[in-house]
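One chain, chain A, links the two complexes that follow: it is found with chain B in the first and with chain C in the second.
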Partner chain A sequence: MNSLAAIPYNTLVVAVAVAVVGFASGVVGCFGVLRRRALAGDAAAHATLAGVVAAFVVTGRRDLPTLLVGAFVAAMASLGCLVVIRRFTRTRDDAATALVLSVSFGIGIVLLSGLSARGIPGAGGLEQFLLGHTAALTATDAITLAVVSAAVVLVVWAGLKEATLVSFDPAFAAATGWPVAVIDYALVALVAAMVVVGLPAAGAVLVTALVVIPPVAARQWTDRVPTMLILAGVIGLVAAVGGVAASAAVPRLATGPTIVLVASGLFAVSFFCAPERGWFARRRGV
Partner chain B sequence: MTDSGASACPAVEFHDVTVAYGRRPVLWNIDLVIKAPGLFGILGPNGAGKSTLLKAALGLVPLVGGRVTLFGRPLAEVRSRIGYVPQRETVDWDFPVNVMDVVLMGTYARLGWWRRPGAAERDRARAALERVGLVDLAGRQIGRLSGGQQQRVFLARALAQDAELYFLDEPLAGVDVRSQERIFRVLDDLRREGRLVVVVHHDLRTAADWFDGAALVDMRLVAAGPTAAVLTPENLRRTYAGHIDVLDELGRAVERGGRTA
Partner chain C sequence: MLLSIQKMSFGVPKSVWVSGLWAGVVAVTGCVDAASGVDRAAPRVLATTTIVADLVRHVAGDRVTVDCLMGPGIDPHGYKATPRDADRLARADLVVASGLHLEGKLGELLEKLAARTRVVAVAEALPRDRLLEIAPGLYDPHVWFDPQLWSLCAPVVAEALAEIDPAGATLFRERARDHASRLVRLDEELRGRIAAIPAERRVLVTAHDAFRYFGRAFSIEVVGVQGTSTESEAGLADINRLVDLIVARRLPAVFVETSVSDRNVQALQEGAQARGQKVQLGGRLYSDSLGGPGSDGETLEAVLRANVAAIVAGLAGAP
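Our next item is the complex of A and B:
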């Protein structure tokens, strides 16, 4: 292929959409990481599988918007469970997260295997939400994902001041009259939305990588939140596009793991080579 | 502010305030009136509920009973007149913000939703940084400051709020002598400007020098009033009963008239 025109229209649209999804995941993930809620996103991600299967069982449809609405409902439900467990039991945060993650993922797997054991027509392909598979995306689906991602980025950018304040110093934010809980839930909901949007590309098991690794890598290079958001977006974009391209080139290679590998590579570079915070710089500094 | 209510009503009034974490009471029937202007110390042993008292005034913990009024009104109506300096350990100092970013947060409440700080806010933040002597470090990431400098950043953020009533939670904990003096000079200026500064403080040896009013708290209010009248051996014994280790040291401090800072 030596010109853009040689790439099929559908592939091109999917590639652009995945780029936007990757960018948005990195941006939104920054506040998950800064607020120390990275694992909550992972619990939400694992819960999406149950949501996808349940949406299919309930509606009998398997178009992407229907399945992703189911995924979003499941993600928010799992986060709701986390809030309830934290509030009404003495379970510690990490244990509560692990509990919600494994239980909700278990439900998803049971539903999925129950469907395929009964040979329900039309259920085939749902297992692609486990590890991600972009080849099946239509141009329309891809555009939907891109539009939602762009909207999420705009919301984060508009609320940058509020999100930074609440993430840095929630007590001061509350004392000065900001509705900390509302802003907190909004941030978590945005992370959940991005986890759902990233689902077709990266899959339920690994989609968290898209909202966690780029922010952590970006933090190495900068000491300012706005710069961190942009860098995380770019790293997420490169990881998502790289992962999709590699899995398109190699038959039967799942997209999710490939994205994670590319993202991890970028993280490794950031970890070692970043000025000031990087491993080499710190060794030299000592 | 031209509000005459500020002088007519006491700046801070606790009426029968009780706070509990779970079933364990932390504050019990606190009745306390603090008038502006002044530098007022909240004193007491560790775990006595000093910080909780501030948080109760700021609406950060639910009250089991009683109520708090500020300038004679409920908190929600007067929030913009109140500044707050939380404990330094409550935030992550590795957070990717610089000194200026943090001080600007003091202007956010007045800006309201979505609006970003502009030139006026930057001027206010810069003036606040000048008062605490950190204007040269405005661009530095906050983790690369000493403990005393970090505390002064928090104070500058509160100054940028331009409040009439300030609550400070342990502003001198883990702070070098130079920063301590700087901080107290600023607090003293605030008092001279007619404001009320309420400080949670753990070091009794310095209390008599700095505060003109004080309250001794150990879950209940033991005593409140002018500092000299409050820090009597008898009151200290009642407050610190069960804290034998500090008692001896306190006794000695009191004998020397609290002038050992």
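Our next item is the complex of A and C:
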């Protein structure tokens, strides 16, 4: 008997699913953080609820791929609104993000309560997308999540040069003829895609943590973008697997929130202990 | 208007103020059937859940109009009241709730409402020593799954109805007795059917702990993935523990509920399958809500029969 067989099947499935999602979220989240758009992902995450409910109403189906498509459309629509508000009004970035976040989440809640008031059979449980259902991920879910995560990571890797340039020096990029707006929107769209994929693993409210905390933690350790990407991915992966292990060991410990707590712990370690930017290192420097 | 008439009538013999009340209603609403001269303003009762509405309808007959706040398929634990609901509650002559925190967030609204309207929570009237205590002072609200226990709620409804329609008091009490004895007979009938399940396989695995009274009444061990409320998220340890149980007891079926998501149960099924234990989905059980019109669960009696049929079919066969 090898050591893998000793791990219960469900733990294994969930661990694989969230490890892949954790890694990809960490990688993709880096550009959101570098571009100071970390909260755009949060806005997208909150918009997904409306998309999930709408997808259920339109198709009458409740399987993961259908709901994720709905969630993705809603996330992209909310980011589109964000771009439009930024470009055509004088609203500042943070206010625009807050506006899109709260309005889109409000739409989701209204749709959901409208649905439950009509008593449409099978609607029960859609609100689970708010909290996520990490512990109940099945093998089919895991495959869906792995495929999308892998695709997102590949796209980021392929466009690494462009993304880095736009993140650090948009003015130079524009002057040399790069379609900055398009690349910018593509980056945010990747974050949105990752947020949508992370929904079943952490829920709409906590999924932002997966695309924000690992990059912020990784930033403490390095100034090189490729290193930061890989490090953020690894931190995301470790947090995910650590959260799963804790939740499997202790009864009545919800898996999604535990993952976020482990990620926060890793951030705290990075904040204090990183060699140059860490708190201790800077204290010594003074 | 109604309230002020009631308050004015203190000290006046009951029959007098009741007819005065009716006169007031008729005067305000003008609701008199011209042909017969009989007023059609039957008292309006609003029940919170379909299960409570079923009980009230059985006791009230057609003397009162019974409506239901949460329709079929709605999970009362997480229900959020809309302004329209608050309006409907305020306009009812009597609000009948289930109680014991079943109605979750709606409970607060009902408490406030009790200052202005008659609110009766039927399960709150049950003797505490027959309830299942989840935590100190906190009781499992799913009492209707023990038909004998639920039958004790019928007289509670009869007395509440008698207060808003004293002329029907005798009828209500009589109907309550009839309904209670039907529930007790149903209890015996279902007990006989459950006997078909081999003793070692009398284990009911479901999405959330709605069936503890059912388990106690019919001697079935009940295990839920989630806690008593549907609002918490399951942990991996809970899922793993249940998969172990399913494999160890060689359970042929696990069950899903009509008003709760079935994701957790699917994960259980897959986990057990991976360890060579084939587990079927033993049909949807009705839990916190009756079925809609045309379903096999339009009344509580039908729901109990349908649930028991599904459980016997799932667990009695060869593993």
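Definition applied: the second predicted complex is superposed on the first by the 264 of 286 C-alpha atoms of A that agree within 3 Å, B and C clash if a C-alpha of one lies under 4 Å from a C-alpha of the other, contacts with A are read in each partner's own complex, and residues count from 1 in each chain.
Everything that follows uses one rule, which is that a residue touches a chain if its C-beta (ideal position, glycine included) is under 8 Å from a C-beta of that chain, and two chains touch if they have at least 3 such contacts.
This one's a predicted model, so the numbers in the text were calculated from it and none came from an experiment.
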item: Which superposed partner A:Ala175 touches (first chain B, second chain C, both, neither); value: first
item: First (chain B), second (chain C), both or neither touched by A:Arg37; value: neither
item: Contacts of A:Val225 with chain B and chain C, given as first, second, both or neither; value: first
item: Touching partner for A:Val14 - first (chain B), second (chain C), both, neither; value: second
item: First, second, both or neither for A:Ala139, with chain B first and chain C second; value: second
item: First, second, both or neither for A:His46, with chain B first and chain C second; value: neither
item: Which of chain B and chain C A:Ala158 touches, first, second, both or neither; value: first
item: Chain A residues touched by each partner, larger count belonging to chain B or chain C; value: C
item: Footprint of chain A on chain B - complex, ascending; value: 58-60, 76, 79-80, 82, 84, 86, 90-92, 95-98, 101-102, 105, 108-109, 111, 113-117, 141, 157, 161, 167
item: Contacting residues of chain A [partner chain B, same complex]; value: 34, 158-159, 161-162, 164-165, 167-169, 171-172, 174-178, 219, 222-225, 227-228
item: Partner chain C, residues of chain A touching it in the complex; value: 8-11, 13-14, 113, 116-128, 131-139, 203, 244, 247-258
item: Residues on chain C engaged by chain A in the complex (per definition of touch); value: 70-75, 78-80, 82, 227, 230, 232-241, 243-244, 258-264, 266-267, 270-271, 274-275, 292
